Amino acid sequence: MADKKLQIAIYWGAACGGCDVSILDTNEFILDVDALCDVRLWPLAADGKYKDVEAMADGELDVTIMHGAVRNSENEHMAKLLRQKSKIFVAYGSCAYMGGIPGLANLVPREEIFARAYLDNPSIEPGNRTVPLSETTVNGHDLEIPKFYDRVYKLDQVVDVDYYVPGCPPQPDQCKAAILALVGALTGTAEAPPKGAVVGAFDRALCDDCQRTKTEKKIKRFYRPWQIMQDPDTCLMEQGILCAGSATRSGCGVRCPNSGIPCRGCYGPAPNVLDQGAKLLSAVSSIIDSKDPQEIDQILEGLPDFTSFANRYGVPASLLQRSHRQ
Amino acid sequence: MTFEPKIVGFLCNWCSYTGADLAGTSRIHYAANVRIIRVMCSARIDPTFVLKALHDGADGVLICGCHPGDCHYSEGNYKMMRRYPLLKALLADYGIEKDRVRLEWVSASEGQRFADIVNDMTERVRALGPSSIKTALATDMAER
Amino acid sequence: MRIGVYLCQAGIGDVDAVNLHSIASYAANLPSVEVVRDLGLLPKVEPDAFAAEIRAESLDRLVIAGDTPGFFKPAFTRAMALAGEDPKEVRLASFNAFGASSGNGTARAKSVLACAALGVPFPLAAVPDTTAVRPGTLIVGGGISGIQAALEIADAGKQVHLVERTGTIGGHMAMFDKTFPTLDCAACILTPKMVSVGQHEMIDLMTYSEVAHISGSPGDYTIKVRKKARRVDVSACVACNVCADVCPQRVTSEFDNGIAERKAAYIPFPQAVPNAYLIDAESCTYVQSDGAKCGVCAKKCPKECIDLDQADEIVELEVGNIILATGYDVYDATKIERYNYGTLPNVLTALEFERLTNASGPTGGKIITKTKRVSKKRGEEWVFDVDEGVPPKSVAIIHCVGSRDANHNAYCSRVCCMYSLKFAHLVTEKLPGAKCYEFYIDMRAFGKGYEEFANRIKAEGTFVIRGRTAKVFAQDGQMMIRGEDIISDRLVDFPVDMVLLSVGLIPAHGSADLATMLGLATDDDGWFSELDYNASPTETERGGVFVAGACQAPKDIPDTVAQAAAVAAGVLKSIATGRGLNSRADLALSDIERRATSLVRI
Amino acid sequence: MAIRANPKLIEELETYGAQDVSKCYHCGNCSATCPFSQDPYILPRRSMRSLQMGLERKLEGDLEPWLCYYCGECSQECPRDAEPGETMMSLRRWLTSRYDFTGISKLFYRSWRIELAAILLVAMLTGLGFFLFGLSQGNIHHYDGVNAFLPGEKIHFFDWGLAIVLLVLLLTNCARMWWFTIGRDKSKRVPLTAYIKSAYLLPMHFMTQMRYAKCERKRPWVIHLILMLSYVTMLILIMFFVKRMAAGPAIDWRVHAFGLAATVGLLGTTIFAVRGRIKKTENHYKHSHETDWMFLILLIVVAGTGILQFILHRSGLDMAANITYVVHLMSVVPMLGLEVPFSKWSHLAYRPLAMYFAEIKAEAARAEARASQGVRAPQAA
Amino acid sequence: MEDLKIGVYVCNCGTNIAKVVDCDATIESASRLPGVAIARPYKYMCSNPGQEMIVADIREHGLNRVVVAACSPRMHEPTFRKALQQAGVNPYFLEMANIREQCSWVHEDGAVATEKAKALVKAAVLRVARHEPLERRSVDMCPDLLVIGGGIAGMTAALDLADAGSKIYLVERADHLGGNLARVDLTAPYLDSARDMLTDRMTRVVEHPNISLLLNSEVERLEGFVGNFQATIATKARNGNAADQVATVDVGSVVVCTGYKEFDASRITHYGYGKLPNVITSFEFEKMLREGGVETKEGKAPQYVAIIHCVGSRNLEFHAYCSRVCCMTALKYAHEVKSAVPGAYVSDIYIDMHAFGKGHEDFYRRSSEVKTLFLMYAKDDYPVIRRADAKDDCEMLIEVNESLSGETIEIPADMVILMVGMEARDDWADVAHLVNISGDKDGWFIESHPKLDPVATTTDGIYIAGACQAPKDIPDSVAQARAAAARILGRIAKGKLEIDAVFAEVDEDKCSGCRMCNELCPYTAIEFDAEKKRSHIISALCKACGACVAACPSGAIAARHFTDAQIFAQIEGVLA
């Protein structure tokens, strides 16, 4: 092993912070990481300033793990900056990988989000019409806050990404595996995964690991999980509960379906699938058990929010990426 | 100059593609805006194709299959029939005008019907104007 | 064993085909035959009286012989039971069931009787020898039946020669819009099959050709086919329509059943197979003027593939088996004066309506009434004009036109009820406000899904009236229809805008010639006779000659397809083994007697 | 309440000439073809149906058979050769026998032998009577017309006597017809006014047979009308002018012009009918019941001998005229005495009556409809 | 992979294309596309010189992909594929652009049509670049046959194939052959002897060296796929002590001829079947006919016999369908009653008289002529049978709302024959499951296509014949059985079973075993391997519709020749 510790940075974009927690959730392993690495930036764990990063030489960082999507100019700026400073740039977690939950906002225009957040929200003080502006003058001082973009981007729509670790958040085991793979590659002890690879996940869909019994599928009615008494041993889809497992990469350990919650697809599409939502749509609608258009419509009423379900973690990664409402 | 929409047509081999051929052999003239891609059955049409076409700059997508009950493969067209309403809902959620994507049943003897559908669709899409998807996505990337 | 032979006639078969006297004396000389009596035509057989005779003569087997003797069997069976004998020992010797109606009728009748007396089923005893079979097969007729049979055989890798009289294969089915009861589109089903036939390397497709002469024996037939001068090179033609564009001669289109026109240079319909044009000599100016006039199509043809001077050609084929799939024509509705077909413009036959409602037909599938057009050249005529024609507000459909009628054809045409219901569906579907009436006698919805279809049509709002329309007439310029609504117990007399005649089916013209060429029997109505109604519905008395589809009797598409495929079994079996059966017609009485005797132990 | 079917009735009707009714499969062609078919009288299929099922009582009460004139369109168009026209004819025969309370009619229709024997018997008796009277009182060599065998007033007495007997028989039969068709059905009340209002129909139909004229082909009507008018003319001449008819040798053209015309009419039409029945020229001539032949032959003989004795007398061949006259009467008496009340001839009364009754029933129905407002009278569709 | 060398050929089709589409411009644009080595026009590509041009170019320039822009591929795709093959290039390296039927013939404006033609050609070029070499394959076709059911249909199918040399396993549950037909005396409408017909067939079956007749036997299990089935057949032991015999045989095809069972007349209470002694079913009457015992239970000759049609058929309560044979059988009984009991009166109570076949109408007419009284009732308005009163000259009275007269009629009867309809056998679902086919709502087996293919099923290699598909009379059953035989013969004749090169495949490395696709295949070509937890497509059964491909949520199924990549390329092409 080389004497020099690996230089790493962990940073976040539009994120909830769960990904950071998932890294911490590796428990003692974090100590091994610490032993191996110098954590040069990790806002969650240590102080760090923009200028510190700016001061780094290009490629000074061995790895940057960035989670969170790109929602505003700060996210973009930092993504670009860290990319420049890093040898390997990892998109960590569903937001970075596909846009994630923040990406759902792509289905509505920015104006609507602002209106909802700052104007029409019931918790807003009556009469308060304050909307943040990226540039404003207060008491003669020009103030600037990051610019809120029209839409959310997944990380690789902004910068070049070397590897992806999916999950919302990535499972600690997978996190560990991904870090080990990177370390292996950097230290020359293991072969580097090809650029663009999804590490910390498997190639098959979730059903492969799901222990529920699967038979041939025909759906007469869709249910919300709370609408029926679930059979714990039968495929949720067969019970009429929309589950994205069949269209989602495995790697999460089937945690949701195991606890009676349908998969929502945070691990992203299976390899070679262009659009996770479209694929799920195709599969789910194909197995509807009816040949009558009216009955089909009636059955589909059981899926009132299909779009946001099927693209929950990946609107920016879908083919259409965002709403195109004029 | 009037706007000439680009429409991608996905046609099943047995009924609709044959119907389109019949329009040809019958010399029925219609708008040149639909470019046809042949698939064996409308059941082969993955919603991804439709999104891909829109993503790649299509102003509209036309899907044609055998009439219900007529499918060469017994029930393929029913699969399309089931996907369509959900696809329409998804497109609506993405803010795509509903006239941009259309499913029609065209039999092998309905050359005229095929031509009528193409003309009608062309007119409707023309009225909607060019699809902004491709340019919008390009703009998204260029200037944030 | 003591056998009594009783001759009874039901009067169904050809009574003069057999010499009953000679048969009676033959029967008397059969072993164990003790009593022979000729009971004559439609005898009244009293079981009690007969039981006495059976007892008196100590008979333990009865043979009832004659044309369709089954009509009398229950009386004899009862008599046997009353006499305390085994009722199973009543044997039938049905002359006409086993081909005793033509030629050597008497000898055949004797052999049938001999088998019955011996207690051996005739078909088991009357098995001809086998003979070597050539691998090729001739199929006459390129409708769905011929197409299906051709594909079945060719897909097995065997050579087929498909001879079709018109310029394209497809037959009647190609004219249809939808098919009952699933309402799937006929073209969607048929055109792929047609294309397969056209492209199949094992099918030698001869359209615009007719069988001119047949000679040879089972397994080794020599066929002369007249390839009528098409005047267009099929292999070169790219169906560009230039010839038709320039052709000055217009005639009515056979394919559109006269409701539209075509040129003398034409293609029957756009999806024709082969997809090539032809020149109709009858209407071609060049041909009719012996080359003095016109000829413009040949000059303009970009592929130069028109030879207006082409002559008919005779092609000789050698085949092992022949499949007749000549189909049907429809009954000439002008023969039924009270429906005024031909005088009232909007009285249409079924096939005309098929073309009218067909999406690829002259009106693009719009159901409209005819419009009067006056021109100097042709005077007044009624035509379908898409621009001016108006949709009918009411349509009446009359069943059994020319069928089930002693004055026309006594038989049921089997398909009309269902296609009429289909018409009703098309009318109500395409013209939502229009009223539709069906006048029927019995609603023969017998097939899979048919009854359900009939129920659906009623539910869709068609008025289904039991009672055949008596007449269609014009009153003050309005077409009227009169009939009895039997179930509602009243007469109906009301105006309609369109009347559809569900014309029955008749054997295709020229099928009688084929029957003569092959020495094949037809029934009284002209349909080809099968070997055995129940047991061998696709074979004939002639070895190596099969019948498929409607040429044997009216049939709907599923039954036709099944039968056409069934024919292929007979053909493929003989090709697979290289041996086929000789003609049963040629079996001698002594052969059958000998074989029957050897089978007695059964 | 269910009506009991009687599968045996159809066999009974066979003897009346309905041979083919079982073939009918009820396509309704005949009813719609029939020019007389009109709600509520749908001819002839309903009668065919009642007959097939043996609904005796219903058939008895039906007027339909009398509303049919046997133009034969129905039979011609019948797809099953069930001969609806002939069935209606047979039903008329059957009804005639039903109306007749004596049962003689039934005997005649069911056995031509009995009818023939009866005719011959009456003829012989007539002949014998005249012969006996003639032997005692007359002179065969001298033709004295009505007085040759009986005194004129006596023969008139005989005439009228016969006429009264006939009338009584015919009237009782008509009354039975009324009972079957109207009277028996207690559910329908027929107001007296209806009878009076429609009474004009009786003579009108009797004289003009205008209904027959509705048939598409007019010839049968013309023939029938000529026959009927000739017959009536002759009847009037005989009943009221018999003396002037018989007198001679001069020809009293005022009377004889009618007589000759009527004779030509009778002979012409009957010969036409015989020829027609032999050659089956008309639809209604295709099937001939024995009674049809007997009727025709009698009529021809009557007319033939009538004119013959006229010619013989005028030619001075008195003896021959006398013999012919006897033969004439030998045929006239059975014709009037047997045919009119018991056989085909009776339709001269039943047909106009049927039309009269039909109208009465329609009137009654209309009245009932008026009484119970809101319910509409039956109307043609 | 070798470099792409695409040849693009634009057909002028005389002037058919060239008149509207600017072929030179199309060529010019095509020649600039990636991978295009040659782009040429020709007057008639389909002509021999046209094809030879392609062959020569392939040989000379080493082309490895060809695009022909001409007429519809439905016309000439096979022609050009042959040309490629001739030149030694995989025939699937061809793509056609339809610039005639879908371009020059339907557009008038040359400029617009040319633009479209360019796009179509570009799509074809991009697509062909992603083509893969495909080979037709074949699997062995076992010539032997399993026939399930020894009725007339089963025997007919067996005999035809046995004559052609195949080994036949004819499995019959009962201890004798003949099925329902063995219970029939005479056949309608020619009143031929059913027994003679059966004796003929049975003798042939029993004596045929190629037919192995397994009576008292049932098929327990069927595994494999077309051409290669293994059937396990259990034969019941003759005597109680011996063990049942179980044998496994290899067969290439299966013909299911399990026939029908009769409707249970006691389900319709109006008829009093089972309560009134002289109300009998058609099959009970057949037995009387066979035994010469046409008499009432009291041993008297019935004077009045009534026949009621559509018992269990054509009604809402039981079966909506028509049983197809009962009308003719009823008419036959009318004749037979008159023969067995001269002087008897026969009433025939029907809904519609289905006398549709050859000779049927004539037979119906004859029944009328012998004075059968036909009474019509309306669907679902059942006649009601009751005991007659003592004063009546009959045993029973049937009340019918008679439609042809509009009257309610009472018909005398001493014997009533109920024309019981046909029903699917009770165990149809088991049989369907056994051979992997499906039944409709009434339990009749579903054919592959009612018109295209009424004998095959959606499971390749499994055929249906006779009344198990739907009620059928004898000639139609025989025809269908022979049709099945023909199809099998055709395949045997070729020895091998050719599999189209175009079919769908599951990439087992991607399949998660979610089983979304399993139910989608109408041809049951998708198998699920429970051990591996992977779905698998039997290519011999796949008809390449692509339904499963589109539906696979993890993109694990690929459609050969219609891959996502190929279609994506086409989309990009047409939108260029």
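Each chain carries a letter (A, B, C, D and E) given by its place in the written order, and its residues are counted from 1.
By our rule, contacts are C-beta pairs under 8 Å (C-beta built on N, C-alpha and C of every residue); 3 or more make two chains touch, one makes a residue touch a chain.
These numbers were taken from a predicted model, which means no experiment stands behind them.
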For chain B and chain C, chains touching each: E
Labels of chains that are neighbours to chain B and to chain D: C, E
Chain whose Cα centroid lies at the greatest distance from that of chain B: D
Top-ranked pair of chains - ranking by C-beta pairs in contact: C-E
Chain at maximum distance from chain E, centres defined as averaged CA atoms: D
Centroid spacing, where centroids are CA-atom means, of chain A and chain C in whole angstrom: 69
Chain A and chain D: spacing of chain centres that average the CA atoms, whole Å: 106
Chain B and chain E: spacing of chain centres that average the CA atoms, whole Å: 33
For chain C, residues that touch 2 or more chains besides their own: 182, 184, 275, 404, 442, 466, 486, 489
Set of chain A residues in contact with two or more other chains: 273-274, 279, 282, 284, 286
Numbers and ranges of chain B residues touching at least 2 other chains: 18, 21, 25, 27, 43, 46-48, 52, 72, 75, 79
Full enumeration of touching chain pairs: A-B, A-E, B-C, B-E, C-D, C-E, D-E
Residues of chain C that touch chain B when the two form their complex: 177, 182-188, 191-192, 239, 241, 270-271, 275, 358-360, 364-365
Touching residues on chain D, where the partner in the complex is chain E: 1-5, 7-8, 10-11, 22-26, 46, 49-50, 52-53, 55, 58, 80
Sites on chain B touched by chain A in the complex: 43, 46-48, 50-52, 54-55, 68, 75, 78-79, 81-83, 85-87, 89-90, 93-96, 131-133, 136-137, 140-141, 144
Residues of chain C defined as touching chain E within the complex: 12, 44-47, 68-75, 77-82, 87-88, 90-92, 94, 96-97, 121-124, 152-153, 155-158, 179, 182, 184, 189, 193, 195, 199, 236, 238, 240, 242, 275, 302-303, 404, 410-412, 414, 442-452, 455, 466, 486-487, 489, 523, 527, 533-538, 552-553, 557-559, 561-570, 572-573, 575-577, 599, 602
Complex contact set, residues of chain B against chain C: 14-15, 18, 21-22, 25-27, 66-67, 69-70, 72, 107-113
